[in-house]
Amino acid sequence: MRKRLSELSRLPTLPGVHLRDEASKIKRRLHELGGGGRGDSSAAWEKVKLARHADRPYTLDYIGLMFPGFIELRGDRCFANDPAIVGGLAAYQGRTLMVIGHQKGRDLASRTQRNFGMPRPEGYRKAQRLMALADKFGIPILTLIDTPGAFPGIAAEERGQGGAIASTLMRMTRLRVPTVAIIIGEGGSGGALALALADRVLMLENSVYSVITPEACAAILWRDAKEARPAARALKMTSADLEELEVIDGVLPEPRGGAHRDHEGAARIVKEALEENLRELEMIHPQARRQERLEKFRRIGVWRENGLTLF
Amino acid sequence: MRKRLSELSRLPTLPGVHLRDEASKIKRRLHELGGGGRGDSSAAWEKVKLARHADRPYTLDYIGLMFPGFIELRGDRCFANDPAIVGGLAAYQGRTLMVIGHQKGRDLASRTQRNFGMPRPEGYRKAQRLMALADKFGIPILTLIDTPGAFPGIAAEERGQGGAIASTLMRMTRLRVPTVAIIIGEGGSGGALALALADRVLMLENSVYSVITPEACAAILWRDAKEARPAARALKMTSADLEELEVIDGVLPEPRGGAHRDHEGAARIVKEALEENLRELEMIHPQARRQERLEKFRRIGVWRENGLTLF
Amino acid sequence: MAQQVSVDISRRGGGHDPGSAESCPKCSQLLDSDELAANLMVCSHCGHHFPITSRERIGQLADEGSWTEMAANLRSADPLEFYDLRPYVERIEEAEYDTGLSEAMLVGTARLHKMDVVLAVMDFRFMAGSMGSVVGEKFWRAAERAVETRFPLVAVCASGGARMQEGLLSLLQMAKTTCAVEMLSQAPVPFVTVLTHPTTGGVLASYATLADVIMAEPGSLISFSGPRVIEQTIKEKLPEDFGRAESNLNHGQIDMIVERAELKNRLVQVLGMLEGGVACALQPLWEEEAGPAGRRGAFAQTLERIKSFAHTPWRSS
Amino acid sequence: MAQQVSVDISRRGGGHDPGSAESCPKCSQLLDSDELAANLMVCSHCGHHFPITSRERIGQLADEGSWTEMAANLRSADPLEFYDLRPYVERIEEAEYDTGLSEAMLVGTARLHKMDVVLAVMDFRFMAGSMGSVVGEKFWRAAERAVETRFPLVAVCASGGARMQEGLLSLLQMAKTTCAVEMLSQAPVPFVTVLTHPTTGGVLASYATLADVIMAEPGSLISFSGPRVIEQTIKEKLPEDFGRAESNLNHGQIDMIVERAELKNRLVQVLGMLEGGVACALQPLWEEEAGPAGRRGAFAQTLERIKSFAHTPWRSS
């Protein structure tokens, strides 16, 4: 670490290359060395369990608590209405928001109906349609992310699961309106990311966001799905991990005991974060905001080049 | 007729109202009175039979004869590739065209595969995708129209046949590139129109273009599908009828004996018309062309207002 | 394709017969006509929505005295000099006599809970709600007015399809109404459609499905091809729920099903929400993109309205 | 998700063993390695396309001596200090040793039948063609070069998905590559992808399916989720043709299936056609919309190329 740090400090900033603020790297490493639960693999796993907690508020709970009015809009105008993604117009401080989010069910019937929050391609195509509608009328977009991942099924593949996610990402790059994405529970893989190419990406304290579930990761790399604990730790999927990696824009502290114990408190926190971020984003001209969005995601990545570690 | 004419000539042109050139009206009526086959109901029916003739050149025949190179592009990126509509990039005079058309089959197997040229929603969605691609790269679009109509089936309805046609029409209103539509055989109802909201709409001499098939019209209005002959005449669906009604931009004379007897000759005629129309259209700025397209379709209709017949 | 869908609107002349009784086609209950009308022509037993006339619809939606008809003098011509067993002109005259209307669509301006809107309401009784030149032109004028005034456009659809007696001219009204929607879209002015029983053919395949938000009345048939045509093609009997609003909702083709009693409120909520977006589009930094200045006035009005909503919670899901 | 798809590329180090024999996994025929290589690694008996390495692919596509690699010095870092049973750095070193490559993608410029293009070619042997920070950055630079030079971008995909050892950083490469495609799209510069066996996960759900034209090699598995994950979820064995290129074509997800021997020609034809559209975009009256002046040069080149095509008829359907 020290070697890498000194290498970096010896060199001028290269054009087109983003040198991460080293202070945060050091802080991060000190944090790790000093414990704080992150050296402990069960801490990450606890977060995974919390993020999946059945009592956590879901998208429709947040909508109900945050907005005095909400009109759900349905359907991809093509094949189906996917209940695993909900979206619609929300009354927000004398104006309108488009809210789009994954929706899990709470009891067996609604879980089945919502397909455990795992969208099919038509869910993503509905999201795109609503994004286009919001963009047309200059309505800012809030996405709430909470899914184990896109549904892995034969028919979903045949209807283009990969392409549906990709085109949703593409749609988000093109939006003129401000976009805020908040991971409220499980941010599972491409199925989560599809709604998260936003101007601001925030995580609730006890949410997770990962390229793969720890179980699946363990099954592949440890050859044993039961090794999910070390996998969860290794994947650095908690909000604290990801804030330190600087791949998200902020962490929202949850109410005492966690969002699952205080839905109202959680909704208040999400609403305040939304307000603050929208206020900042709306100061930026749409063209510039779009450009900044591209730049932000363009910068993500860590690699070595000519012996240097670059971020 | 004379009364209507004198009413019109007495009045100044009203704002927002398009008074059709009366000379053509008179010409038309004289033509009718003077016979010319149009008073004979079998003439229209003969055209219907010719337009459906199994030996007529189809879209892929024209493509093969008109362009030295053609790359078919497939799929709606959503549900299926519909073989009842074909489309792709054609090499055309040192540049590129996007060609999209209905495709009938010639033998039993290919007819079944092409669904007798009756598209399902995915056919129209493929057409939209190809139109968007052409628009992105400034590639002019040629559509070739030859269908009994959009396929009437349960699954096609469930996947949004109506919406698919409507959104294709909408896509065509928005194109920046020049568009030429040519009815080469059967122009059947909404399924044909979906590809025909173009800057220029031309008909081959022996093609027909109608709101409904004469058989279906007869079944409803005559309560007997066998009355298709008078229905064909009453619907004014031949190229000559429609030129006189001024709802198309031109009629292309077919080779001696009809297109079904001389595919090469027919292709030559279509190609010349395409060249001429594209040349004219490309002199217009894209914005203006789009505006003119809207205006052109805006003007279509005949009604009475305050006792006047307006066109 | 106009007459392929049969709908029983026995009530001629645009109203109900006071004091008489009607039997519900769904639950067979005998209903008192006055009560039925007071219940907006919805069966109080099973919720069946009886088809209603365009004037009844406007009466249910528009604030008292706020309706002003536009383009009232448009009448069908007979450009094809069409006749089948009877001349087209005779069919029109009959429809005029039976309905007291001059065409299958009424357009005008109205207020819905004080919100200014342009309305375009079809009437199935007039030649099966078929779309010919007059319907196309009325819709165009409604859209034009909406763009001029920045009032949103609400279109209530009920149609058997294109008016075949006007031949290709009627088919091309699909293109014309689509161009009108594109004009709305460029503004942009909110555009909402309400699909009622039945919405089929050329109307469905043009402006009806091009709205920003698509609502439908419960039980409405919403299908491009008529059920009989499909049955003849596939040589099977269609299932009872074929093409109904509920099936369309499941298949992703419409946004919501709204009961008649809720329709006015829901329209105002949705339109207010869509206009609420204007609030954002008029942030100081956005001004160069904000479009004509007239919009600012509409916006101020909208903002007030939305603010009043904020104290009246509602939910659609 | 990277290692969930198993592919047999036994040929380590980027080539075949001269004089040896290989058995076709599809028809079991024993094939002479030299003949197989001469036949572009396609079974001469059944047409089975053996997976090939990125260098083999470039060798098959690029005109002799025209390949210039870009961003060759990019190497994976280990931002998560990831280890499972073994450290990530060790797995990278092993992959480097086995493949002679530094990462799962090679990018550079080349000429295809004299047409300048930017190439981005994945190599499944390198950690199952997984996409981490380096692949994302290489793709970005390839796209950037394409925009600067106005050369079209051709991406040949082969991937097990995201590089899980880089955690969320690898997931976010999907967003990054999508932004790169958006940059191409704004230019616009033609972008064509070739999906080879297997193209799955994050690569499929980002740039691979965002191309102007999507080609696939026969028999390639093209699926977002890995077959094993789907089998575990639905608790059934998948059909043999599940997710294959042929199924994707029928389901409207790709434009065409191209045999390896035809790939180079087809790419040049499609790219020439897409650039041919520039001819129209540069009509005198369009000039204010034509974009950077550099394009005019590219156009002249294209025009010449297209003209030469005009004398060589071809058909794809």
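Residue numbering begins at 1 within each chain, and the chains themselves are lettered A, B, C and D in the order written.
What we mean here is this: a residue touches a chain if its C-beta (ideal position, glycine included) is under 8 Å from a C-beta of that chain, and two chains touch if they have at least 3 such contacts.
Bear in mind that the values here come from a model prediction, so they are computed numbers and not experimental data.
Engineer: Compare the CA centroid of chain B with every other chain's and tell me the farthest one.
Structural biologist: Computed centres place A farthest from chain B.
Engineer: Any idea whether A-D or B-D has more C-beta pairs in contact?
Structural biologist: A-D
Engineer: Between chain C and chain D, what's the gap in Å when you average each chain's C-alpha atoms?
Structural biologist: Each chain's C-alpha centroid was found; their separation is 50 Å.
Engineer: Nearest whole angstrom, what separates the Cα centre of chain B from the Cα centre of chain C?
Structural biologist: 28
Engineer: Could you tell me the distance, in whole angstrom, between the mean C-alpha positions of chain B and chain D?
Structural biologist: 40
Engineer: Residues of chain C that contact two or more other chains, please.
Structural biologist: Residues 209, 251-253.
Engineer: So which stretches of chain B touch two or more other chains?
Structural biologist: In chain B, 77-79, 159-160, 163, 167 touch at least two other chains.
Engineer: Once the touch criterion is applied, which pairs of chains come out as touching?
Structural biologist: Those chain pairs satisfying the definition are A-B, A-C, A-D, B-C, B-D.
Engineer: Considering the complex alone, what residue numbers of chain A touch chain D?
Structural biologist: Contact set of chain A toward chain D: 150-154, 157-163, 165-167, 169-170, 173-174, 189-190, 193-194, 196-197, 209-212, 216-217, 220-223, 230-231, 234-237, 242, 245, 247, 293-294, 297-298, 300-306, 309-311.
Engineer: Any idea which chain D residues touch chain A in the complex?
Structural biologist: Touch list, chain D to chain A: 1-4, 73-77, 79-80, 82-85, 132-134, 136-137, 140, 162-164, 166-176, 178-183, 200-202, 204-210, 222-226, 229-230, 233-234, 238, 242-243, 247, 251-253.
Engineer: For chain C, which residues are in contact with chain A within the complex?
Structural biologist: 185, 188, 190, 209, 212-213, 249-256, 266, 269-270, 273-281, 283, 285-286, 289, 303, 306-307, 309-317
Engineer: If you look only at chain B, which of its residues touch chain D in the complex?
Structural biologist: That would be residues 60, 64, 68-82, 86, 88-91, 93-96, 122, 126, 133-134, 136-140, 177-178, 282-286 of chain B.
Engineer: Using the touch definition from the top, list the residues of chain B that touch chain A in their complex.
Structural biologist: 77-79, 121, 125, 159-160, 163, 167
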